[in-house]
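Presented sequentially are two complexes of chain A, the first with chain B as partner and the second with chain C.
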Partner chain A sequence: MRNAGPVLAVLGLILALWYAGAVWLNAAWTYDQASRNGTEVTMALLLSDTMAQERPVLPPPHQVAGELWKGLTAWAPSSKKSLVYHGLVTLTATFWGFVFGTVLGCLMAVGIVRSRVIELGLMPWAVISQTIPVVALAPMIVVLSNTLGFGERIGVENQLVSKTIIAAYLSYFPVLVGMVKGLRAPDQMQLDLLKTYGASEIQTFRLLRLPSSMPYLFASLKVGIAASLVGAIVGELPTGAIEGLGARMLIGSQFGSPIIVWAALFAAAILAGVLVVVMAGVERLVLKKMGMAQ
Partner chain B sequence: MKSSALALREGVIAVAGGVGLVVLAFLWARSSVGQIDAPQYGPGWSFWLMLAAAVLFAWDLSRLAIRRAPRLAQVLVPVLGGLFALGLWEVLTRAFEVPEVILPAPSAIWGAILANLDLLRDDFIQTVLKGAVTGYVMGAAAAVLVAVLVDRVPFLRRGLLPVGNFVSALPIVGIAPIMVMWFGFDWQSKAAVVVVMVFFPVLVNMVAGLAAADRMQRDLMETWGATPTQRLRYLSLPAAMPFLFNGLKIAATLALIGAIVAENFGSPTLGMGFRISTAVGQLALPLVWAEIAVAALAGSVFYGLVSAAERRVTFWHPSQRGK
Partner chain C sequence: MSQTAKPAPGQQTAPAIEARGVNLVFQTNDGPVQALKDVNLTINQGDFVSFIGPSGCGKTTFLRAIAALEHPTSGTLTVNGMTPDEARRKRAYGYVFQAAGLYPWRTIAKNISLPLEIMGFSKDEQEERTQRVLDLVDLKGFGQKFPWQLSGGMQQRASIARALAFDADILLMDEPFGALDEIVRDRLNEELLNLWARTGKTIGFVTHSIPEAVYLSTKIVVMSPRPGRITDVIDSPLPKHRPLDIRDTPEFIEIAHRVREGLRAGHAHD
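Moving on to the complex of A and B:
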């Protein structure tokens, strides 16, 4: 809470800059209209007009907030106009991508900690996999999941499958790195102790390595779930999706209405914030239960 | 005694595995499994045997290398792993006669690369050099400048760190359609997306880095009567370098993503993202994979260059020593 003042100040500064930018960027349109009507642009008119244009270059914050509020509350959550609906579509892909990414990351981490061959053979490629722009793969993944019809077989949309794959691709890496660190966190003394107790590998793993990796795991999960959301949205952009927050951005850009794009962007930002906060809550609960809370 | 027996065993396994692999490969090539076995039956037993032998051989060779030549193994094992994956891909796509529409074999992709060199070069220049690299340099430079300015005002710094950290976790790629509206279809809009995506991770890391010099070092600069500029030059900036490069490395992977995503919202008939989406529509899958290969290579090289620069600049840092 020590930082509340400075944070608010910075947010205020950003808001002020935003309003100034909105006036500055939207002014061209106002002047254009005025010269067409042969009227003079007064300061008051400039300010009021740039704040309330139909298709502003940069919508001022209150317009975005209004659209966001409308999108969240004006329609029932099941309506295709509702941002809640689109948010849930994206959230579903985020969730599954996060689950698969986490499981994959944990499995790879266990392999890497157990075997030096796997570590040397896999780790550099895991790093390289993250330097590959996954969006380049996105259309391919869509084609693959459509052709193979994998989604139909398990009773979900192919679109969801491809989004899930992309989300998992982005979220497994932080988990992998965190878990490798975490599983190696116990020091030699603790490992020796378990050895003197005659603990088997599996017991050592279950009683020592796994519990001591938990703080690392949760730190990674918070990064991973944000990455997963980015993946789900990126997965909607190049794939011609019609549902989801990414699709809203696409639609907004196609119809040339920036306010929709901004509202979707902020809905995504809020969703990201909520996800990270929820994850932090789960972290506090689990660590407390395990007696590791600070 | 024990170690020499171990060495003997390792040697025997390695040699036997290698010979077995070669013999099996030879047999497999002679019988050409792909022709005999109809795809609905899949490849025959010799194929699976060979695959098993290859796995065992690669595994054993890696273990041998790790024990006998740990330094060599650092390079050998990843390369072996990569080659193995490529070989597996090639062999499996051929053995199961996977249609090119689903997954082309690496050799087909290589053929597409050779056949479309000019196209790939133009797309590379448009997306990577004009879009990603320009935006990366501008965004990173702007972030460093802002960080240096903010560092003078502790109040702002305390506020900016949490906000910047939060913004770094947001799906900023979403601004791509807005930037395309603002800056048009050509590379300027792509660079603009990259600027915004790169800005926050670099800013957050640089701000944290500039605050990294400890109390004692600051006091020392004070006793020497250093001016603020001197303190920045001789203490804060060098101390911030490990942090800066951390941000630059994160940003390097983001830059290409930004440039390619932005092309989905409108681009001239050029660029990797544009080519990939149109080629997918034409089912020219080897070309798509050729673009993906170039993108992967570009991304890895970009990251590698930043890492190499990091090693040169921050050679004194504990994480870089002994490398």
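Moving on to the complex of A and C:
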């Protein structure tokens, strides 16, 4: 509780700046309206009007919070108006993307640590893959997976498949980098020790390299799951999707309603926060069970 | 192997370790480095041999060559009459490093049973042997603790127990107490001598410390650097039973003096 003071101070500062920004950015519209109606803009009018516009340039916090709350509670979770519904759609793609990305990242890391040739062959491509802006790549992935119809063949929507691929594409890399570092974490002395026991490579991997990599893996998973969420949202943007938080952002900007965009944005941020916290909880649990949390 | 672990005093047995004209050259980016030059040495079963010398004298390299962690460029090196690689497969030696190197995710007992697990001992036998060596190094009751719950000295004792668990008759120790403070070190030295007396193992012990080498050893190998070579081999006349205060006797001081002279002579070549 001793930390509450500074945390609240930062939050207060952000809110204050946000409100100030809302007044400043939304003022143009207020003056515009006033000059059309031929009325004077008083300070009181300026403050009250910029707080309650229908299409503000920057919606103030309470408008965003109100929209977010309405989205979460006003409709049944199964309704397409509910942010819970859209959140779950995005979460599904995030989850599958995260699973496939993690598996892919781990497998590549094992290959890279085992063989110099695989490292030289794979690592440059892995790095290049992350330098391509995902917004440029996402439409191609969507078109390709729709054309090839992967989803129909395994009985899920094509939408989900393309979003999963994009989410996996973003999340495999941090896992790959973390696991390569983790699997290489044991020092020469520990490797020599196992050598004196005549341990096989598989035993060395199972008994030493894999457990050593766990703290690195979890650090990567926390980055990976957030990246996966970003991937799923980006996957919802270019497709004219009608479901998911990305689709809400798109709809909001198409209909000129920044409040909806901001509410969806905050829903995504909160979701990401929850996912990272859940992952941190799993980490603590696993490391505690392994005896590594002190 | 294990029946040869306790030879009667004076009995003629095959040497535990024998080096004949061993050379070892490392290829480095700065060109070849002669780590060992023409090393000849015989270590008998049940000897406690210390290797002492300044950094770069090849004492650790020689110990690692015995353990088949390095391979001599020329000359012959045998362990229990076999090549070091064969000896490893026959579980001829246990190795103790400067750091305890216990796995933080395993309890002390699970750390000690690690080599047993790798070598395929049955669960029951793993359990039984782990308890026995825990007892041997005075860590009874600490099996379920995790390494971070133990002091540095206790961790190093656990790592010695780990090296003893599979009954190798040779124990190779590379500055095992180098990172511990003087008081803990004294106690562990005493305990190591007790352990040696009880088990009759052959011990190869690398150290920087003259008192440690003289106190522990039946044979002191003095080495010097560039190239790494043996400058003196001293057979200690001290009795097998050695209380800590033996270090104040004239015999002890005389041997320590000879070791110091040997080290100084080695440096005269520089």
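Definition applied: the second predicted complex is superposed on the first by the 286 of 294 C-alpha atoms of A that agree within 3 Å, B and C clash if a C-alpha of one lies under 4 Å from a C-alpha of the other, contacts with A are read in each partner's own complex, and residues count from 1 in each chain.
The rule we apply is simple: a contact is a pair of C-beta atoms (placed from the backbone, for glycine too) under 8 Å apart; a residue touches a chain by one contact, two chains touch by 3 or more.
What you see is a predicted model; the values in this text were computed from it and never measured.
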item: Overlay on chain A: chain C relative to chain B, clash or fit; value: fit
item: Partner chain in contact with A:101 - chain B first, chain C second, else both or neither; value: neither
item: If touched residues of chain A are counted for chain B and for chain C, the larger one; value: B
item: Chain B versus chain C as contact partner of A:265, first or second or both or neither; value: first
item: Partner chain(s) touched by A:190 [first = chain B, second = chain C, both, neither]; value: second
item: Touching partner for A:121 - first (chain B), second (chain C), both, neither; value: first
item: Partner chain(s) touched by A:199 [first = chain B, second = chain C, both, neither]; value: second
item: First (chain B), second (chain C), both or neither touched by A:6; value: first
item: Which superposed partner A:291 touches (first chain B, second chain C, both, neither); value: second
item: Chain C, chain A and chain B - angle at the middle CA centre, rounded to the nearest 10 degrees; value: 70
item: Chain B versus chain C - smallest C-alpha distance in the overlay, whole Å; value: 12
item: Doubly contacted residues of chain A, that is, touched by chain B and again by chain C; value: none
item: In the complex with chain B, residue positions of chain A that touch it; value: 2-3, 5-11, 14, 57, 116-117, 120-125, 128, 130-137, 139-140, 142-144, 147-148, 223, 226, 229-230, 233-234, 237-238, 245-246, 249-250, 252-253, 256, 258, 261-262, 264-265, 268-269, 272-273, 276
item: Chain C residues touching chain A - in the complex, by the definition given at the top; value: 64, 67, 69, 88-89, 91, 93-95, 97-99, 101, 103-107, 114-115, 117-119, 146, 148
item: Chain B residues within the chain A interface of the complex; value: 59, 62-63, 66, 73-74, 77-78, 80-82, 84-85, 101-103, 155-163, 166, 169-171, 173-178, 180-182, 252-253, 256-257, 260-261, 264-266, 272-273, 276-277, 280, 285, 288-289, 291-292, 295-296, 299-300, 302-303
item: In the complex, chain A residues that touch chain C; value: 189-190, 192-199, 203, 207-208, 211, 214, 290-292, 294
